[in-house]
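First the structure, in the form of structure tokens, and then the observations on it.
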Amino acid sequence: MKIFGLIAVLVVGALLLSATSDFPDWRDKDSPANESPVSSFYIEKTEKLTKVPNMVTAVLADYRSYDTMFETVVIFIAGIGIIAVLRNFDGPNSSSIKRENNDEGGGLLARFTCSLILPFIQIFALYVVAHGHHSPGGGFQGGVMLGASYILAALAFGLSKAKDIFSERRTMIFAAVGIFIYVGWGVLCLLFGKEFLNYEALDPILPGDAKMARSHSMLIVEIGVAFTVTAIMFSMYSNLSTRGRLSKGL
Amino acid sequence: MDPIIATFIEENIVPNFNYWIYVILMMIGLYAMITKNNLIKKLIGMAIFQTAIILFYVSVGVKDAANIPIISHHGSEHHQMTDLSSETDSTKEIHNTIDKDKYANPLPHVLMLTAIVVGVSTLGLALAISQKIYKSFGTLEEDEILNKLRPGGHD
Amino acid sequence: MTEHFPVLILLVPLFGALIVVLLGRERPDQCWVTSLISLGVSSLISFFTVIAVLSGKVQTLRYRMGGWPESDGYEVGIELRVDILAALVVFAVTFVGFVNTIYSKTRAGAEVRGKVPFFYALIQLLIVGLCGIVMTNDAFNLYVLIEITSLTSYALIAMGNRRAALSSFNYVIMGTIGASFYLIGVGYLYIKTGTLNIDDIRMVLEQKNLWEHQSIIVAFIFIMLGVWTKMAFFPLHGWLPNAYAYAPSMTGTFMAPLMTKVMVYVMIRVMVWIFGNEFVYSSQPMWGEIVIWMSVLAIVAGSLLALARTDIKKILTYLIVAEVGYMVGGSWLADGVGQAGAFYHILSDAAMTFCLFIAASIIVLRVGDSRVNAFDGLFRKMPLTMIGFTVGALSMIGLPPTCGFFSKWYLISAGIEAGHWGYVCALIFSSLVNAVIFFRIFERAYFGKISGVKEDHFPSDSDANPDIRIKEVPWSMLVPLFIASGSVLLLGIMNRSLFEWIQAALKMMNT
Amino acid sequence: MTEFSFIPLFTWIVSLLAVPGILLFRKRPDAREGITFLAAFLKLGMIFMMLPLIREGKILCFKFGEILPGIPIEFRVDGLGMLFALVASSLWILTTLYSLGYMRGLKEHDQTRFFVCFALSLSATIGVAFAGNLLTLYIFYEILSLSTYPLVTHHGDKEARSGGRTYLSHLLGTSVAFVLPAMIYCYWKSGGDLNFTDGSLLSTNIGSDAGLIVLLAFTLGFAKSGLMPFHSWLPNAMVAPTPVSALLHAVAVVKVGVFCVLRVFTGVFGTDLIAELDIAAVISYVAAFTIIVSSLIALTQDNLKRRLAFSTIGQLAYIVLGVSFLTSNGVTGSAMHIATHAFGKITLFFCAGAIFVATGKKYVSQMVGLGRQMPVTMLAFLFGSLSIIGLPPFGGAWSKWYLFLGALEADQLAMAVVLIISSILNIAYLLPIPINAFFRRPPQEDGQAETIEIKEAPMACVVPLSITAVGGLLLFLFPELGFELAQLLTKK
């Protein structure tokens, strides 16, 4: 089996390497990928068309926002998938199982430190979400940070405490609402008579001109992403760390 | 060193070393996924495998002397650059033209953001599944699991 | 309104999934209704899409997400492209999803107790993913959607028993390898062409005449490998049988007919749209030869493995492996009849696999035993179920007027036309093996001992024994079964027009 | 010439419509059988309606729905089809009457299923007879295989099941393995056409080798014709109740097999093309081999029905042999033999069934001296045997005569010799049965009185077998209709 695997892996590697012979050199600014009209368009026109200087965010949340919508859905699927796989609702005594982990959280030092830094983490996370079009950042990054802050809280104060703030039920609502914001915003464009996710359609209800409408819409969409990511990150942690035996039901 | 090998390295590996690194990483991951007996090790292989691909994509978008793909509002650096490079253009256009060589290709970054998310989700789900396996079989070694399945024959 | 159909097909089940998750815990009984409605609406829309695409006004629906126009002839956004092929497959997906939801009415509560909302959410998201795969015109978006279908199916399969979890894990490993190979292939195409839109990739490949480049060839190989892994093409099939056999029944009934078929669709699409017939069939004549022999191997091995099983679901899953061989072989034979035949087989195989899986699930449920012995005397115990099963089985064997006959007809004629006798023989061999498999079952079902009644002495039909008749399942399972077997027959009757549409669409793609 | 008409459709559909009727009246046997009779008579009536038209040389045609590009489901009634349909549907009436006596006499189970499947098989048979293209033919051929399966395995015991397994695996297996690809090959070669309309579907651009393979694939693939390597389904199918063996395995099913072969020779290839490609000899050899070997096997069989089955195999091979001479006499003889053999063999089977119903005897060795107990039956048996052997004044004489002429016409002396030898063998395995029945005394059992009473089977059994026996006689006296229909086939 091992030899077999090794041969297969080597064949795959050799094939992939054989193709690199006619690849452009690394860092080549004239490689087809880098000088193609598509990427030139992104670099040259983005700011003009969307008023967003961060091209990555613009591409993510506007040009390829359809992709990103599904990306958010992927996260959502992972979240509910983990619950669906792990949780045993009809188990013999699912509700009465005592939490086996020592769920007391960290020591005094850890708690104290965390209570100090958690607000900053969260504020920074919100900043990352909100400032995504001007600086590196966006819904995913900010969402992960926010999720991490809750995980940190769970580590420091114990999962049950963290759950009191962010219960399973609430995570699910947050996750679904996040996607709801994203998709709903796209549908709103439909209702205004343009294509799905064509933010220009929302010009009448947003301040600024049609281009600003794109910029604003990106923010809203990113907020939706952040909702989902935050909720699912925390839900993933809490489910995996307790092997699906969360005592407090949804 | 043998001159043949040296020229090979010189001509093939050095200009494309990013591809070599990604392929080697990918092979490590793939090998682990195929041959490892422990389910978690397989997942570690999977993570390496996916990361290798991310590395590959990101390295595609790199340009010499280019910056992150965020148009900078501060300083007049790029305006000056474009002023020099396209003097004949009308003034209105000068103001809006952006030198695309100054910025890295944004598309691979976006794609990989998606790929990372997919990777995280897959890993999380796979961990959940392996927890379920552990719960019902009491082990994460593949051969032991198969042994447990064999005598009963049904489940 | 028509122009928004493609996106509406996706959005309705997506919202359905969200609503199910939001409302599910309080009102689990509403989940079924919600997803029934959402999938019903979705399949209705896709039905109208089929009509719209056929009606001549629109041959191909293009939908630019975000309304981004093309720039310099390149698409900068993501585009959906729905031609008749896509419309048909989308309709098949949503319709099977809808019918399967009817089937799951009572089963979901029993098999995934307490997780019903999650089940319905996941299955709707799976349908979103499958429809998205079929409609998208963006190579990377295709990857994301493949991963959506993968993740949902990992979770759906793992919701079953512990064997299901194990096979789901294998599926994770194989599925990730497959999807990543596809991603690598797309990456190589991107390096060489600088675009991700499928039409544009083709355009650049033509303009720069990149056909001979090693990287393009490798890209093609890796995309194919990835797709084959996902569709369980023979040497890469290991994950499929256990995964589908041990998954909860209403998951199996949905995934077995659709997952592999949609990947076959992706394969045909990649072959025809991105790379084009000339590259695939002419530039490297060896490829076709190798792949067709591999498919011959797949057909023969799949059939024999099925023959060796005694578990009905395992038999069916191995038959899927053989059927995948049919389609891969058919689409690699040549352009023209082969491709169109393989495509027609996508639809017909979906219908008959669906029919057989529902029937088998019903039987396993009622008899409580998945081995073939369980079929003893079933024609008397569950006549309606067995009628459905028989239709599906006859189609698998390839008897007229079921659709299995016609797809076999097209595939065999493609094989004869291409002069590939090995493939023709493999198809016939597999028909014969299928006949043996199913008639073995029929014989049991027809003559087998009914418990308590001695062999050689059946009660005459005038005095029906009341307690052998009570075993029929509720309507919520029989109706889907009959819809499935009806569509097996309908596809057979409609084969000519379907085939002509398919051929026309494939021709349009090539010009 | 070709005329659109709905009558072929109605003829086909009438037995199909009988099915729901039979199911509806499953609780009332008399009404149920009444429906079968009604359908049978209607069917025969419609065939008689078409008969004059066909005799004028018209061809009735009905098509609907193009199921594959260029291929509709097509009914097309020509002389050959008419002849076959006439034989099959007239014998259906008699068989229904006979099965009434047989099934009720033995108090068989599942009579409804029996009659349903019987009606279905008859529909499929008519479908084959009227099929206007190869695909229609194939579809009805397969339906016939499937719908007769429940009849063959009617008893449901182990023997019946294994018989049914052989039956289905041979018939379905060969048709899928050989006929289907051959048909698709023809479809491709002829550019999307499978119609029987004019002489040759395939043109000469098919090579001799390919032609031979296709021809062999068709001839062996239609395994219902019982040619030698794939014959064993027929003896195994004898586990079925006797009416089934009688109508289906002496008339409908097996004749469908040879009918298909005839169609392939005349409709798909055309005798001219086969002559040109010079590929008929192989078929002749296969047929000749089958004739001799099956007759020899028949000699050794003690079970009467099995003996008759092997006899059928040999007689069917006559038909194939006759076609393979490629002469008009040969083809006429073959077509005639479909009719004459049908009457002869169904008589024999009816007799075998009547003996079983009356005495429970199945084996030839038990039937010594039976003539005094069942004189009518045994006389009919004698008639039937003579017809099969081909002696005047019975119908079989004509068909054998033409076959013989055909062999001579084709300069196939060896085949003529085969025909003679086989006739002698026919005498050897058939005639001793009635002779022993009439002229030898049954073996005495201890303390049993020698008084033998006449104890025939029920009237419902005896009447049909008498009619068919007389029918064999009539075919000798009035063969014109048969000739006329058969010759429609050979003249272009």
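Each chain gets a letter, A, B, C and D, in the order it is written, and its residues are counted from 1.
We take it that contacts are C-beta pairs under 8 Å (C-beta built on N, C-alpha and C of every residue); 3 or more make two chains touch, one makes a residue touch a chain.
Just so you know, these numbers come straight off a predicted model, no measurement behind them.
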Practice item. Using the touch rule from the top, work out which pair, B-C or A-B, shares more C-beta pairs. Key: A-B
Revision key, fill the gap. Computed over C-alpha atoms, the centroid farthest from that of subunit B is that of chain D
**Study point:** Chain occupying the most central position, where position means C-alpha average
**Key:** C
Check your understanding: Whole-Å distance, subunit B centre to subunit C centre, using C-alpha means?
Key -> 31
Practice item. Using mean C-alpha positions as chain centres, tell me how far subunit B is from subunit D in Å, no decimals. Key: 73
Exercise for review: Please work out the Cα centroid separation of subunit A and subunit D, and write it as a whole number of Å.
Suggested key: 74
Exercise for review: Compute the distance, rounded to whole Å, between the mean C-alpha positions of subunit A and subunit B.
Suggested key: 17
Check your understanding: Among the residues of subunit A, which are close enough to touch at least two other chains?
Key -> 16, 20-21, 23, 31, 33-35, 38-39, 42, 64, 67, 71, 74, 77-78, 81-82, 85
Exercise for review: Quick one: which residues in subunit B touch 2 or more of the other chains?
Suggested key: 26, 30, 60, 107-108, 114, 118, 121-122, 125, 128-129, 132
Check your understanding: Quick one: do these chains touch in a line, a ring, a star, all-to-all (complete), or other?
Key -> other
Review point. Could you list each pair of chains that touch, in label order?
Key: A-B, A-C, B-C, C-D
Review point. Can you list the subunit C residues touching subunit A in their complex?
Key: 4, 7, 11, 14-15, 18, 21-22, 25, 63-68, 71-78, 112-115, 118-119, 121-122, 125, 128-129, 132, 138, 140-141, 144-145, 147-148, 151-152, 154-156, 158-159, 165, 168, 184, 188, 190-196, 200, 204, 208, 213-215, 217-219, 221-222
Point to revise | Interface residues, subunit C side, partner subunit B - complex | key: 140, 143-144, 147, 150-151, 154-155, 158, 161-163, 165-166, 168-169, 172-173, 176-177, 180, 183-184, 187, 190-191, 196
Exercise for review: Sort out for me which residues of subunit C touch subunit D in the complex.
Suggested key: 397-401, 406, 408-409, 412-413, 416-417, 424, 428, 431-432, 435-436, 439, 443, 446-447, 455-458, 460-462, 493, 495-496, 499-500
Practice item. Sort out for me which residues of subunit D touch subunit C in the complex. Key: 26-27, 65-69, 109-110, 112-113, 135, 138-139, 142, 146, 150, 153, 155-157, 161, 164-165, 168-169, 172-173, 176-177, 180-181, 184-185, 187-188
Point to revise | List of subunit B residues in touch with subunit C within their complex | key: 26, 30, 33, 39, 42, 46, 49-50, 53, 56-57, 60, 107-108, 111, 114-115, 118, 121-122, 125-126, 128-130, 132-133, 136-137, 145, 149, 155
